[in-house]
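You will see two complexes here that share subunit A, one where it goes with subunit B and one where it goes with subunit C.
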Partner chain A sequence: MFIIRKLLPLLAVFFLISFDNIDSLADDQQPCYGDAFVTASIADARTLIPILASDSASGDIVGLVFNGLVKYDRDIELVGDLAESWEILDDGLTIVFHLRKDVSWHDGVPFTAEDVEFTYQKLIDPEVPTPYGGDFKKIELLEVIDDYTVRVRYHEPFAPGLASWGMSIMPKHLLKSADLMTTSFARHPIGTGPYKFKRWHSGEIIELDSNHQYFEHRPWIDRYIYRIIPDQATMFLEVQTEGIDSMGLSPLQYTRQTETKFFRKRFQKFRYPSFGYTYMAYNLLDEKFKDRRVRQAISYAIDKQEIIEGVLLGLGRVCTGPFVPESWAYNEDVRPASYDPEKARRLLRKAGWQDINADGWLEKDGKRFEFTIITNQANDQRRRTGEIIQRRLKEVGIKVNVRILEWAVFLNEFVNKKRFEAIILGWSLSRDPDCFDIWHSSKTKEGEFNFVSYSNPVVDRLLDEGRRTFDRDKRARIYHRIHELLYEDQPYLFLFVPDALPVVNSRFKGIEPAPIGIGYNFIDWWVPKTEQRYTR
Partner chain B sequence: MHKNALAIFGGSIVLILVLVAIFAPYVARSDPTAIDIKDALLGPSPGHILGTDQLGRDIFSRIVYGSRVSLSIGLVAVGLAAVIGVILGSLAGYFGGRTDSIIMRLVDIMLCFPSFFLILAVIAIIGPSIYNIMIIIGLTSWMGMARLSRVEILSLKEREFVLAAKVLGVGHWKIIVRHIIPNGIGPVLVSFVLGVAGAVLVEASLSFLGLGVQPPMPSWGNILMEGKAALGVAWWLILFPGLAILVTVLGFNLLGEGLRDMLNPRLRR
Partner chain C sequence: MITYIVKRLLSLVPVFIGITIVSFAVIHLAPGQPTDLMTQLNPKVSLEAKEKLIKLYNLDKPVYVQYIDWLRRLIRFDFGKSFIDGRPVIKKILGRLPITILINVCSMALIFLVALPIGVISAVKRGSLFDRSMTLFVFIGFAAPGFWLALILMSILGVQLGWFPVVGIKSLDFEHLSLIGKILDMGHHLIIPISVSAFGGLAGISRYMRQSMLNVIHEDYIRTARAKGLSEREVIYKHALRNALLPIITILGLSIPGLIGGSVIFETIFSIPGMGQLLYQSVMARDYPTVMAGLVIGAVLTLLANLIADIAYFYVDPRIRIGQRH
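The block that comes next holds the complex of A and B.
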């Protein structure tokens, strides 16, 4: 017995050596179950109720536990998720969804059209403080035809309507008598998604288990572990010691800290354009910024390429308007303004700003051109962007102060209440180009997204039209025009579109970068048996 | 002698720092806020003796100009604390009774708050700026001074010369200002010097969190903060401002402790 025990590992070693090549060949081709995917987030999730979750951590978990009726595929086209198919009728006034019949909630109860109706009712319930209600208030009537058919009728044709059904559907049987604001479901969600909720220790870890009955197929990776690590540098150390398997790198980490042999062997790095942009927004109610020439001048005074080099180390592109270059709404003909401080000075002079007392700063009506940019704490990129803008505007005679505030204070006290002159912020965009909420003049109330108080009747009309038009080409023309107009008006100083820079441990196979990124086929990722690290 | 040597050493550090801060434009030739992306993250070299940061700014200049921020915040904040502390402490010690109770309970209340978090909270509300930081640090760090001066005055007011002044009909204020404070100032002075070291650290911590001095004004804390993200590739961003803080705090501490020993008659030989 003793000898055998001693021998066994030896034999195993022998087999491993002799069959290593064959084994790994087979492994490389044949996905297998097991292992865990450990990733990390700077911030903890807030709530796992899909229609209330608005922060990115909550969104990450909700996205794995729940499904919508539709989703975007690898090429950013809408495909069915819980809906098997759909029909758009009456020139876009009506959508009929045919739901999958083979879906059940994680507790075994079948998923039906009732759940869709329930989710819709909660979305439009004035008692429920959801940020996603807007698109669903356009619905005139939602009818359950039978258990697996839902008909949605809009007041008027609403092009973003179909995409809005990517909203995660919630289980009626668990939530019908619950108060969404207080229910324990927020911390123990039950969905239809590829992963089942297991546990959540606040500020520490969220764990999910794979759903063996998932309707597409059982995910290859058994566990999904989401750790909360509130510091980028610490997170990076964890990646290097393989404590976590994936994170989004900073440009500096991407270019300077991951070019080692060790890193290239153990990790796969990706780079693709993110779907969002960073900007400096002006308060258009402020006298200084009411004149469009002033805003245009500032745009000429700032070298956006310099910001991209300085802040993103070149890993990003110049932003010219409210869309990213990957979007079909993006207008290629809008060229970024060249860096031309002389032209900036001329425009400012035309707008009445001159350095009368020769102190290096511009004045008008005896008042110096001075304003404060505020942005949030713990975002190096925004702070450094502010410092570059500050420096370049000093060169044309505008005094800029930069103020950094804690996130909640920044958002609640300054942005939402419009108590600012300029702010640096970013938008992450939905795939549909509808940006009504950001630019329409009706969206300027406290807490709404047009906090710069932008108002242009032509843009308002085009935004309305864009929502009503279903034809992709016609719609593209409308958004191209919006892009042009916003570029001329410069309500924001559009700065840059950063690249997403995720890194994933190289034991994960099956990752296929696509226009939408890498996470879209997570359930197809797998780890060869020999490389699995987490076995229970 | 040995103790004195340390005090002199600390004093020289402080003196050099003060001179550097005053003559910053002559010590550092390049503009601490001049951005040049092409020169980003250069290591120490003859052109930039302490290297450059992510925006290509010269670290040496930034540290030199940062000394102005650190020292002015340290001196003004602790000066404010000393004024408040000494006045309240003297009143409490001299008058005793109810005045004493009220003032000392106020001190107890203030001491209940962990002062750094109090400072953070106040900064979050009124917004960060160099003046706000001076005032807030001052308003949250006078309690030690108050206790010290109270104790000092409790013993001084029983002395014969105070009694003599009272007998001569000298007023309360004059007794406090002319006779008691000058005689009891020693421990307060020591506490003041040590307090500056503390305030320099608080300012660095606040700036490190991004809630201190606002850009583009350089401060040791915010140079460190920027360096943290680049720790793996640019050690000079952490090392030099860190050293600056270390040396400054060390200098003030040595000076303070040396002063204490010199002013303490029991230790005087």
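The block that comes next holds the complex of A and C.
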């Protein structure tokens, strides 16, 4: 009796739901077509020609309109996209791609191996100023075996080569006689992807329609609308009017401005590590930083967690090396150095830095330990990071100045010409862990990316090996070792991996956060009929 | 008069060329190159790719050669192609001009509509409560930072009350609206931007008007008019106002070049795809052809506006006209 009395209200509720809302319940579980996803970007796209698009806005659109041969799945593993499968032969010298036979371009023309060959030719064409040619120059020969098979032979085994085939494939039948620099295709692209280009008003809006014939399946959401809103604060206001369905929040917005009833009801918040890290790089040609003990000392003198709390309001992780925690290349065994100013002072003393004249600053050979950190304008996080470092290093007797410069000046006059002592910058990483260009000692020319002039023969050899090894486990071991060595050498003071903090309107269902983020299964997102906002 | 105009026009040519030389030199002196955005800090980009780009844009030639090339094209009214996306610069600018001009004209009309009466009444009732409160009002507009005011209004009127759209100039379903619907939709979007932009401009014009009116009121001919027995209304609005408006013509003329220039901060906050944003982004990207085109159009308009203001003076102010005849 007691049990029944307790159950009765529950039963009543159950019946109420089942009788009143049978339709909506069914709606809630069964994906259905319709509605639009409205998102926003700070900057407009530049060009929608995949091999010329180098900014993030262009990349966003290109990613929905085109496909590569391969792509990364939810767990950051390479899977087939336009390629159904592939074989790696001759110890990695040759890759054979078997293409899907059920794909057509948005204009109805079938997709074939010819398109792959055409895209490759444009990538290596000296007349085409593509920033992506590098990986494809390592190809010795690309052969079309039949309409749906492509064989790629490399000069030498090149593991990142496979991932480079994530490059969007362009339609040969539309572009073979076009000049890529002037063609109208740049503003009216035709691809194979889940969304078809509809319209683009410069500085205002880009609109895509779903591709009903998409080879995976027709996306549930009918329209994708990309609005250009150049100001973060305005974008946030527009989220609050539900004029846009999604944006990436700043740490401040995430912690302080979205803990409202409205937000909890109308938005889903996500948080996962982004694919990049922020660091302070030393100029290793500078006398002060040549001694590894000095660099290690600085690492002990700075509390990275404090920086994360102060700059990111806690929304980030301590970075220990050139890989992010989500990557299989990341070495769990590399522990971040603890905050230990005593140890820092000891190491500095060993390296010959002592406060001889008792003025609070360390000296060596009569010279005070003083250096300048430079970073770029309009990045508050980097500026504040610099200020925290400045204060902490003062405590161990190192005088730090922080200087902020305009981006172009910063890069051209200081970074590229190596006219700096230390800089604060960030790298966003590709999914493949190859970081040859950043750490190899051959990459130190003006304008190249080893601007700290790091040189370690062991790391050089490992970087080479990592490029030549296809086996995942062997490759992982190589990068784990690189991770370790770099942490010991401290060519950078590795600081933090910030979290990505997107919000999405809660009417969107089917979002499944995964190591790669949330956008990977966008074609599976859907909105219940009763909640759809945009119906034409 | 005709010879005067021709002479003035001819004298503008060397000034114009001087402006272009200085601008060209200055933007090329700024560190950085148009290729940077595509190639900087992207480990996937090789040095060769960068050199390829530099060659493609002729950036490897000496600056004076680049300038002469540019001038040669300009004579044929060819502003070249943008380094950013390869589109003709003129197309990019024409895409942005209408909305900028629309907003600026509306805002200027609003400024004159409100500021002139304020100025006139303040002068006539000098020292009254109206005069003092209006002084306060226009100076608040002058002093309040536009971006702050914009965000406050957007937050209150847009987000909390929901009366106005917050962002952009059109609704998402704009294409499907009727013509009247389109006009209303755009008007609805532009009310906050135009009001904010006009509020900041009230102080200047109303103060000019007030001062100019005060000067005129103490002239002898106003006393004469009063002595003639004309009504106060007639004295103020027929005799005084006409003369007091003269300096305003100069200001009006000088604000013509401003009509095509948009404010970066303002356009950024309201997400208006106008000239300000275009030129700012072009400068940041070192997109030389677009920057130069913007500067040239601005320079030409400034020079012409000065000329037009002078000519207008000639017609409006009988003292100048008669002075020249003698």
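The rule is simple: the second predicted complex is superposed on the first by the 494 of 536 C-alpha atoms of A that agree within 3 Å, B and C clash if a C-alpha of one lies under 4 Å from a C-alpha of the other, contacts with A are read in each partner's own complex, and residues count from 1 in each chain.
The criterion applied here is as follows: a contact is a pair of C-beta atoms (placed from the backbone, for glycine too) under 8 Å apart; a residue touches a chain by one contact, two chains touch by 3 or more.
Computed from a predicted structure; not experimentally measured.
Q: Superposed on subunit A, are subunit B and subunit C clashing or fitting side by side?
A: fit
Q: Kindly classify A:409 by the partners it touches after superposition: subunit B alone (first), subunit C alone (second), both, or neither?
A: A:409 sits against subunit B and subunit C alike.
Q: Check the residue A:437 against both partner chains and state whether it touches subunit B (first), subunit C (second), both, or neither.
A: second
Q: Of subunit B and subunit C, which one contacts the greater number of residues in subunit A?
A: So, of the two partners, C touches more residues of subunit A.
Q: Is A:135 touching anything from subunit B or subunit C once the two structures are fitted on A? First, second, both or neither.
A: In the superposed model, A:135 contacts subunit C only, not subunit B.
Q: So, does A:204 touch the first partner subunit B, the second partner subunit C, both, or neither?
A: Only subunit C is touched by A:204; subunit B is not.
Q: Touching A:233, do we find subunit B (first), subunit C (second), both, or neither?
A: A:233 contacts both subunit B and subunit C.
Q: Output check: A:445 vs subunit B and subunit C. Expected answer is one of first, second, both, neither. What do you get?
A: Only subunit C is touched by A:445; subunit B is not.
Q: Check the residue A:401 against both partner chains and state whether it touches subunit B (first), subunit C (second), both, or neither.
A: In the superposition, A:401 contacts subunit B only.
Q: Give one of first, second, both or neither to describe whether A:384 is in contact with subunit B, with subunit C, with both, or with none.
A: first
Q: Once the two complexes are aligned on their shared chain, state how close subunit B comes to subunit C by Cα atoms, in whole Å.
A: Taking the overlay as described at the top, subunit B lies 6 Å from subunit C at its nearest C-alpha.
Q: Residues of subunit A that sit at the subunit B interface in one complex and at the subunit C interface in the other, please.
A: On subunit A, the overlap between the subunit B and subunit C contacts is residues 233, 409.
Q: Which subunit A residues qualify as touching subunit B in the complex?
A: 232-233, 236, 250, 252-253, 256-257, 306, 309-311, 377-378, 380, 383-384, 386-388, 390-391, 401-406, 409
Q: Contact residues on subunit B for subunit A in the complex?
A: 33-35, 37, 40-41, 54-56, 124-125, 127-128, 209-211, 214-216, 226, 228-233
Q: Which bits of subunit A are touching subunit C when the two form their complex?
A: 36, 38, 43-44, 46-47, 54-55, 126, 129-135, 137, 181-182, 186-187, 201-205, 225, 227-231, 233-235, 237-238, 240-241, 243, 407-409, 411-413, 425, 430, 435, 437-438, 445, 447-449, 534, 536
Q: Considering only the defined contacts, which subunit C positions touch subunit A in the complex?
A: 30-33, 36-50, 52-53, 56, 81, 84-87, 92, 95-96, 151, 154-155, 158-159, 162, 165-170, 172-173, 176, 267-271, 273, 277-278, 281, 284, 286
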